[in-house]
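Some structures to go through are shown next.
One chain, chain A, links the two complexes that follow: it is found with chain B in the first and with chain C in the second.
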Partner chain A sequence: MSDPTVTQDLIKGADEPTASPVAVKDSRRSLWRDTWDILKRRKIFWISLVMLILFLAMAAFPSLFTHKDPEYATLAKSMEGPSSEAWFGYDLQGRDVFARAVYGARTSIVVGVLATLATVLIGGLTGVLAAYFGRWLDAIVSRVGEMLLGLPYVLGAIIILGTIAPAQSNPGKVMIMAVVIIVLALLGWPILMRIARSAVIQAKHQDYVQAARALGAGPMRIIFRHLLPNSLAPILVYATITIGSFIGAEATLSLLGIGLRSPVISWGIAIADHASYIRTAPHAMFFPAAFLSLCVLTFVMLGEAVRDALDPKLR
Partner chain B sequence: MKADAESILEVRDLVKHFPLTQGIVVKRQIGAIKAVDGVSFDLHRGETLGIVGESGCGKSTLAKLLMALERPTSGSVRIRGKDITAARGAELKRMRRNIQMVMQDPYTSLNPRMTVGDIVGEPFEIHPDVAPKGDRRRRVQELLEVVGLNPDHINRYPHQFSGGQRQRIGIARGLALQPEIIICDEPVSALDVSIQAQVMNLLERLQDEFDLSYIFIAHDLSVVRHISDRVAVMYLGKIVELGSDSEIYDTPTHPYTQALLSAVPVPDPEGRETRQRIILQGDPPSPANPPSGCHFRTRCWKAQDICAEQRPALEVRPGSAHPSACHFAEVRDVVNAK
Partner chain C sequence: MGRYAIRRLLQLVPVVLGTTFIINYMVWQLPGDPFAGRCGQRPCPDSYVTAMREQFGLDQPILLQYWNFLKNLLTGNLGTDFNGVSVATQLADAWPITIRLALMAVAFEALIGIGAGVLSGLKRGGFIDNVVTISTLFLLSLPIFVTGYLLQWVLGVQFGVIEPTVSDAATIPELIVPALVLASLNMAFTARLTRTSIVENLRADYVRTAVAKGLSNRRVVGVHLLRNSLIPVLTFLGTEVGSLMSGAIITEGIFNIHGIGGLLWRAINGQDYTIVVPVATLLVLVYLITNLLVDLLYGVLDPRIRYE
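This part shows the complex of A and B:
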């Protein structure tokens, strides 16, 4: 998660003056237009975009992808391998592996997206405020962020989840999802805070911010008109990548028995339930694991493609 | 000279020290960068005051102090009698309408995510009473026309313009509030030589058209020569010599000014061959630790003991009509010297 090189690149890409003094004739172009022009030439962008649409469709309308009921169990077929009747075979309880993988998309993506949204809100807000106002606010926000980052991610999750929802407990479906989302966001916001903070600090010293101040602009105008629009790109890019890593993290927590659990259907739970049968019935774990990896990869690839396109140095 | 004697801006004993701190948890001040160290001058209505000095001598810091973008350590900046360094809130905002700035780098001084119309129109959004809402677009287009840009390009983004055009956008933004004073911090040093003259001519035309007073900052005496009515030479946070255009160029009395002038290329090829060039030794000392007495003494060929002991005040000295901060000030025509 806290890969320093990724963070560095994002910050550098944040906003350097675009080195294109050429006046372009009459077409209305913006930096987003330029980004789009680069993106649409990248194969990796199109691949990840198609995969993203596929996964989102799966999350929204799982019944389009399978007519089987993911809850329907035929114990007699427990662990039966792939066949013409069930392409991915049956799981431990005799449920259709493919149907469960399809229905699992919704949980995983909802958890990933909501946790990222919370992360962006908390991290973005604290980062922008810390950078703009500096002094003691910056000191407090930065120290708290460092403390949380110093705590190994899984350890932090075990401590919090183990207290609120220990492995044997049986919280409701919505409740356990909410708790997992909060834990992910709580441990994840410092990285976004740092990205937002450095992007804003960099933008803050630009001459155009000084010019706005000289005109008499107040903090609200400076933050919303000048700092945020110029810091948004790295935040958005990192958020996309974060969705992917949160989906992975959610699965890790399930595997440890402290994350989502039945009756919720998710890839992480499917992997956790069948991890000990990997020799006898590899298919029961392989397919959810493949969906999970592909989905994580989709978000990470998309984020990185956009980041590269936004990097003015590559223009 | 077009300037009349009415002072529109009065700067008195302006000081800006940036504290040098050590330690992360408990910050201790271990010294200070004396970026601006006691600067006083007046700006008259309609005139151009050139401020010249080497890199790091505190020109930009001085500009920021005048614009109230930095708070001074001490001293005052009075605009039409009111001290902008003491103004806060609504009063400061009102005072800003009268003093605006053109920045050095046309690539960083315009927000890349805003259109030209938004950039030049922002002053009206901040000060809504200057232009009624329905009128703003027209006002922005007028401003673009005034600075020599196509008013139809209002929806373009800064990166679609060349450096010179961008500088014009910055000038249009500075003009929007109809200020009396404009501070130009090296407005042409980032531009191609061929473009520099155009922008300088534009600034001169605007001065006549709108009766502006300029403070024109440059690191080279040749740049300010044809635009300035008076020139102040800065060294290490202080003004060392202040005089009219001809006083500084023809009868400089401070050794530092003489050295700067001797390096200015002269149009007359004969003069170039015969005049002496004064080559200064070494770099300027650090503003964190300036020499005692005269700041210039470490590089001055005329330095005596008294230069280390007594700080020479900026005052009119015998044999010359304009103030100079040198114990041994004497006229020396370096440009025309044979």
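This part shows the complex of A and C:
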């Protein structure tokens, strides 16, 4: 089984910066080690991990799951229900619903992961810098964040996307994905900025930071070797859950007609295309919706399992 | 308290100005033709574009445009949409429906969310607790439109318990299912927040004192525990009223409700920016003002909090 090693690598990777060169082997009972010990006893963690691997495999090698071509359409079979040859039936254009659901995983996960990555980079960096340097930088970053948070999420995305990629326009495949990722990150970073900021403000006055400063460490060294590793836990948890909610947000925007659109294959588009045929062909909409919900569930579950394990209050 | 309120109000000013400026700038100034698709399949003639630009003041410098927008907003003059219908009339027709929907959603959040949270928090690790934890996990993972279409299909199409779409009158019984859909996500959050709060407060000294005094279980929970535990929950419910408004865009679109959200949904699809800008501005204002009110209410609910 490959799953434990994957996570161990992840945890080891996160562990390295905290372990000082003088640390003895016995004293390596770091936060991450404790977390792992708790995590591996949790059923919900293993369930979400298996689901995660399944979805990642689907995104990377969709042909493993279906031999059908998601673009191949037989109009004669339009909206035919599930049968033995097409488990999930056919959609409006007579394309295989299962094949399109499998191929849709890649788009949704790529959008979710990249948007989260951008959010973590922008939000984490601004948050850490604002908290470390304080003063005017903190004031500006906090006010800009407040302004963006003052815009309800869906509304903000609607305003931006509705103007740069209105419903009737037809931008290219890569272009529209990039635009959606940028919009999600643009509206999402303030929350992460706040998390990173408060984590760093708490850590800033700890003795080990004072000690590092007394030893002559510069701001870069303090931020990257001391503050960041110790503020990583809340950021990591939030990021995992955010991947899930961004996947849901992408589908919501696609449903409104201003997010992704054909020829991109995604769950949101499949749902949007068949929303008006819900009476005659519910299968064309519910199977992609089920994939979407399961995928969001996977990330939310994983994030919650990690958060519970990291939370010292529950120990 | 008074001084704190004034300071918070003053802090609100730059945020309101900034957000409304972003909305205006985004919609009118970004590359892309705001009048595209106004003339059918062919591009609009130059004379039409010039006339429209003049009518909506797009030929003026951006700061002047923004100034005019603010002035119009404050005097209640919201202008007309591309079809010449007054935006203010459309808003006046739509507001009551959305407010009704949002209030019902908040009521569901409070009743079901707090109820489930209290029951699961009091018996941590018990059967009800597990049921609540798992069902809230599912609610949190279902995007709001999936819940909406699912209920519409199951209740409306399969079993015929409700009408799949809501009529123009949007009476209270018709709005029950849409309000549940709108509330679903926050209901889960409320339940979890209540549970955490109850679990934490159960260990508090004042609860132990109340029990030691020999008070009945009912009084300990109902008077001492609930009052203190519900403060963060009420704050959450309050701050989320504003975001309910933007959730209403999806819900009203699905159930074809003619409220603010539905208005915005149709304006986006029809690319009518004259409606998008004032509606978005109003939604943002509602969001910010409810947040402010909740912050002020916090001090009233929890006397330990003092505003300097």
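Note that the second predicted complex is superposed on the first by the 287 of 315 C-alpha atoms of A that agree within 3 Å, B and C clash if a C-alpha of one lies under 4 Å from a C-alpha of the other, contacts with A are read in each partner's own complex, and residues count from 1 in each chain.
Just so we're on the same page, a residue touches a chain if its C-beta (ideal position, glycine included) is under 8 Å from a C-beta of that chain, and two chains touch if they have at least 3 such contacts.
Remember, it's a predicted structure, so these values are computed and weren't measured experimentally.
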Chain B or chain C, by number of chain A residues touched: C
Touched partner set for A:L292, first chain B, second chain C, both or neither: second
Chain B versus chain C as contact partner of A:A251, first or second or both or neither: second
Which of chain B and chain C A:V300 touches, first, second, both or neither: second
Partner chain in contact with A:I158 - chain B first, chain C second, else both or neither: second
Which superposed partner A:Y208 touches (first chain B, second chain C, both, neither): first
First, second, both or neither for A:I278, with chain B first and chain C second: second
Footprint overlap on chain A, comparing chain B with chain C: none
Chain B residues touching chain A - in the complex, by the definition given at the top: 64, 67, 69, 92-93, 96-97, 100-101, 103-105, 107-114, 122-123, 125-127, 155-157, 159-163, 165, 170, 173, 177
Of chain C, residues touching chain A in the complex: 14-16, 18-19, 22-23, 26-27, 30-32, 36-37, 137-138, 140-146, 149-150, 152-153, 157, 242-243, 245-247, 249-250, 253-254, 264-265, 268-269, 271, 273, 276, 280, 283-284, 287-288
Residues of chain A that touch chain C when the two form their complex: 143, 146-147, 150-155, 158-160, 162-164, 166-169, 244, 248, 251-252, 255-258, 271, 275, 278-279, 282, 285-286, 289, 292-294, 296-297, 300-301, 304
Contact footprint of chain B on chain A as seen in their complex: 15, 17-24, 28-31, 206-208, 210-217, 221, 225-226, 229-230
